[in-house]
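Here come two complexes built around chain A, the first alongside chain B, the second alongside chain C.
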Partner chain A sequence: MSSHQPTDSSTPQRVGEVVESASHRFQAQCYQLYQAPPLGSLVSVGGQGEARDVSPRVYGVLTGIDTQGLEPGRPVIARGAEAQREEDIYRENPQLEHLLCTRFEAVVVGYESADAFFHHLPPEPPRIHAFVHSCTPRQILEFTHSPGFLDLLMASGGGSQAVSDEVVASCLRLASVHHPDPRSFLVGSGKILALLLASEPPRVNAMLRRLSP
Partner chain B sequence: MALDIAKTAAQIDSMAGHLADATYSRTQQVDRLMAALATTDAAELAGRVEASRGRPFLCATPEDALDARYQPSVLPADFSVASVDGSHIDVDRHIPVRCYLINIGGCVFTYGSHPDARLFSQPALYAAEEDIFLNAPATTSNDSVAVQGAVLGMLRTVKEVEGLAEAAESADPALPLLALLDGSLVMWGLAGRGYPPFLREKLLGEMLMPALDSLQAQAARRSLVLAAYVSLPQTTEVLNTLRLALCQQREDICQQSCTSFRSAHSPCDSANGLLDRHIFQELLAPGERSGIYRSNSSVSREYYGPHQVCFYYLNTGTEIGRVEVPLWVAQDENRVALSHTLVMDQVRRGMGYPAAIAEAHEQAVVTGQDRETFRKMVDAALERRHLPVYTSEKNRSKGTRWL
Partner chain C sequence: MNGMGTPLGLVVDGSLGQGVEVRLDPATSVEEVKVGTFVTLQGEKLRFFGVVTDVKLGAASPGLKYNLPDVSDPFISEVMGGTAVFGSIAVLPSLTMPAVLGDSDSPAPAKTIPPHFARAFLASERDVQAVFGNADDQHFWIGNPLDMETKVCLDLKSLTERSMGIFGKSGTGKTFLTRLLLVGILQSDLASTLIFDMHSEYGWQGRDAERNRQVKGLKQLFGSKVAVFSLDEKSSRQRGLSPDEVVRISYGDIEPEDIEALRENLGLSDVAAQAAYNLKQRLGAGKWLEEFLGMGGRDDLSELSSSINVQPQALAALHNRLSRFKRYEFMVSRTERDSVQRILEHLDRGMHVVLEFGRYGNDPHAYILVANLLTRRIHERYVQRHEEAEGKGGPGPRPLVIAIEEAHKFLSPGLASQTIFGIIARELRKYSVTLMVIDQRPGGIDQEVMSQVGTKLVCLLDNERDIDAVLGGAPGSRELRTVLARLESKQQALIYGHAVPMPVVVHTREFGSADSYAELSRTPSRPLSGDGSASRSSGDELKDIFG
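Right after this comes the complex of A and B.
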């Protein structure tokens, strides 16, 4: 654990609910349209209330966000030919807020049990309908203090390799601001990436460039 | 192969050829009727309609000039629209339990400074004896009608109006509200002689009228208009009124030689083969509505009382739609204007069809997959209680289709 103990009075914000779940990834639906956490951010699932005894708090990193119609058979059509502003479309068609939904996908990068963090897959995946919370600065600091979470993140990928690298870089940039010395954190993370991708120097260089704030 | 596509295609092509030939003739017919529309006195014709109940065709009573045209008024800054639609799973004699399901779906949209939407759907399963059969009052007869097919369709329509009355109650009372239904307000299915009188009394007197009364009572407390929108209407009531205006035959000759669809004499045979919308397509510019007409459907006249059905036609820009309103809306110019304005706005938002009706339909619809799931759930529920689960051999054979 870090010797740096930040004061953290903020509470995690509930941002969605798990609608698909597997050991290495989960998908969540946002409660509000377009209100997904940023790409690459750390979120937690479960581990609260009565379910805590039987279900550890799982941590994930957002690898993708998408917004589409809630019902597969109803294609979204262009509605703004006569609208002056995008928001006018939503004002003119208030039902859209209920018929569109934003979902996000996260890869599992570890879990928390008995107040200890583990940077490997949890014994069981998050439950369907488990609440997804954004992480507090303190959770982010403590979870990313050790670089072990990068192993799972790099191994999981987020689709194509390019997306995966973007997500990793974004994750590290977002986490760095919660560390007492963000630059030191990014430099240390860069070294880990160089080790993990020792056989791919061009890819490492591209990722290191993306780590610049 | 079930359908020989090649043989069908040839017949479709022949049909299209006949339609093309008929179009030229129709244009000439419409011209003659438009001339009658412009020169006939509506009040005099209305009197003639009232005195001509023995004709073999149903005329509407004009409440306004025949060639009247109205523009929509200014859209209110804030207003709501509520709509309800229904879908059902009919009684299936191939499954072991007699039951049906009615799903009522709908929406309440609020437009203006605080846009909002509420969507809902409420399924209800009916399997009790009193739901499966509608019975005549015990004191009058032991007659009963099974609720399935067309009767279930009519019961569903009643449930839709009840649902609309409930939805209207939930809308902000400070805002003008359009309560909008899909289809006709007239329960045409009860117009014929195919059902016993007690069924009309039950469906209309005991169920539909109280729901319409509720909407009228709400309209007394707040700004509310009830309207029903018929897309691509097939009705001929106005055309029949013009047919009456043109007819030069005595009523008894008309009864003997003409039918509800065709006149055997000139010049009223100009109306043969046409629909009301063919006339109003010529008369109305986009956005305009016609004058008000009162339906003389026997169901509406005899059972609807203050809700007797009136209607106007509306050129939405993409089609001629028919908007039906109860008498208590039709007799109030402001309410008619509000219905016209808000229906037009709904059509604009819905890109050709009222947005709230389209959404209500989406909330109500029961898909083929839903029906299959429902059936499996019924089987599973019976099995859990160790009740016999079976199907007909006919139904089983449709599932197997072996060679």
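Right after this comes the complex of A and C.
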């Protein structure tokens, strides 16, 4: 059931395909059920193959993952009354893999063009059907090296404020492990958050408690 | 770092009148920056030099104090420091620095302030040196800025051109500071000095009560350049000093003006003090006082009072109060040598005169009487010489600095207009005579006189009135008040005025160790302007003392 992709791989893993796209956010569908990257992780879209020349590689942070039936008119029903274990349900109903799908939503936090990172919105949104890749440790390190991406992340939000703060905290925690000094990365990012949210001390306090290593 | 000191933060607010606010970098703790520390501010075109006048704590949000972060978590504490909460300092930019340090341009008073986000640095030793100069013949090393090794030097020419004041509570180091200043003036040889040494501390050795040791006086450091006159020979000899001259004052030297200067101290009414003028007129100049004091009987006085048309009670009061003069051993009917003349001769030769009061130092009447009398005569002489020099177009008399202690007794608002010291403080600069006023109650000194004091050296003061009096009218006085109130009670002084480019807090230099004597007794590089009798260098004398 675990949906984790290996993140320490030096080559990006393809994790899905864009199915909805806007300048500040996009939605992607996973190729396999429950195979979305972790909440708050950094993903990249496009910028590969032929598209590389025409559109930049866009970076996004996962702000939400959901799994539901593909057909809106056909609600998902409970099937495990007789099953002993959860896995048995999927084994006995192999069609479920095709009737259900996992999607994730990401906010755009910047893009890469001509080998340079920009922490603002790309000139054009990712294309529909563009491939979504998990980021390599090197990409994560380079993209989060300067804290500018936090501005877009905080500004975009991912729905309600609570989700947004949760996403920001997990994004920073995930990114920190790829930095040579994770603690100082978290302290530096924490300072940016404290400034961005200076007028909301309770929110800063809650956020910092989540970040505290 | 381009010769800059440690970075501190950024300018975020300010005005020329009130100084600028510098927000400290997260890496800089407020505990590292002290009031009185020197700071440079790098603007776009100019570099400013200023002093820290206040240290503050700030918070990005006013609500923070009601929603305290969990600072027991070191991570949270580290994050909050310097961002949501931060330190800031108030800096008073006083000078603009030359574009290149070591340039011939000297720092100039600041007429504007650095822009937003100008970087602030701790001033480097080189910056401080560029502002306060190098010790040389005309610049005397008085001490060091707080926590720095650089020397703060006083421009002695500017210092002696106008009156100077040394203020501070009792026991805060006024006497040491005064000794240092006198040494500076003696070293430079820019002026002669006449010191009315109330407690016999400056001429021969004085006492460092703090370290319980004897410290040398000017005579021991400068030998034959200094003449010690004594009013109380017995006391001087008891302390191992053979005074150059013993001062005797004849009754004939005392003028009604001298009695008037003592009016407040003697508790005389106006009428009684004015009676002295009538007495002089009636009994004759030069002998009126002795004759008056010689009258014993009530009848004599009564007769005299009616003949000079003064109330008998007033005259009796005057007689009663002035009778104390008869107890002064230095008062004589006739003097063999005119002491005032002798002092003047010494001063003319470019020497420095210390007048020790011995046991009379504890008698304010004797101190005021003698200081006033001598100074009045010197004043007359200097005015006369100045006028002569102007007539002939020659150089004026050699500048003279007169040092007086307990100055509020001469220069109180009621007296300042009458005593000779008030006149000197106000106008004698043009006759080359200036005052060195040493006092613990500057609030008791006439405001008009205080306003004429060019350079002020202020040790710790805590009385509001005294602080107001010394800071009155100084640029940035509100900020200096904070600095003044935080001075340590020993060996620290705030100096501002003509002799320094900007207000500065110094840790006064050492006085009392063998090393300090060797440096302080340095012979001036220029020859004496008098008869050049100081041929034996004080260095030689030092060898005699220390081997």
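Everything that follows uses one rule, which is that the second predicted complex is superposed on the first by the 203 of 213 C-alpha atoms of A that agree within 3 Å, B and C clash if a C-alpha of one lies under 4 Å from a C-alpha of the other, contacts with A are read in each partner's own complex, and residues count from 1 in each chain.
Following the convention adopted for this analysis, a contact is a pair of C-beta atoms (placed from the backbone, for glycine too) under 8 Å apart; a residue touches a chain by one contact, two chains touch by 3 or more.
The structure presented is a predicted model; accordingly, all values stated were derived computationally and were not measured.
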{"item": "Clash-or-fit label for the pair chain B, chain C on chain A", "value": "fit"}
{"item": "Vertex chain A; arms to chain B and chain C (CA centroids, nearest 10 degrees)", "value": "160"}
{"item": "Chain B versus chain C as contact partner of A:90, first or second or both or neither", "value": "first"}
{"item": "Touched partner set for A:199, first chain B, second chain C, both or neither", "value": "second"}
{"item": "First, second, both or neither for A:211, with chain B first and chain C second", "value": "second"}
{"item": "Larger contact residue set on chain A - chain B or chain C", "value": "C"}
{"item": "Superposed arrangement (fit on chain A Cα atoms) - minimum chain B/chain C Cα distance in Å", "value": "50"}
{"item": "For the chain C and chain A complex, residues of the former touching the latter", "value": "26, 60-61, 63-64, 66-67, 69-70, 73, 75-76, 78-80, 82-84"}
{"item": "Touching residues on chain B, where the partner in the complex is chain A", "value": "107, 109-111, 115-117, 119, 349, 351, 355, 359, 362"}
{"item": "Touch list for chain A against partner chain B, complex", "value": "71, 74, 77, 79, 90-95, 97-99"}
{"item": "Residue ranges of chain A in contact with chain C within the complex", "value": "183, 186-187, 190-191, 193-195, 198-202, 204-205, 208-209, 211-213"}
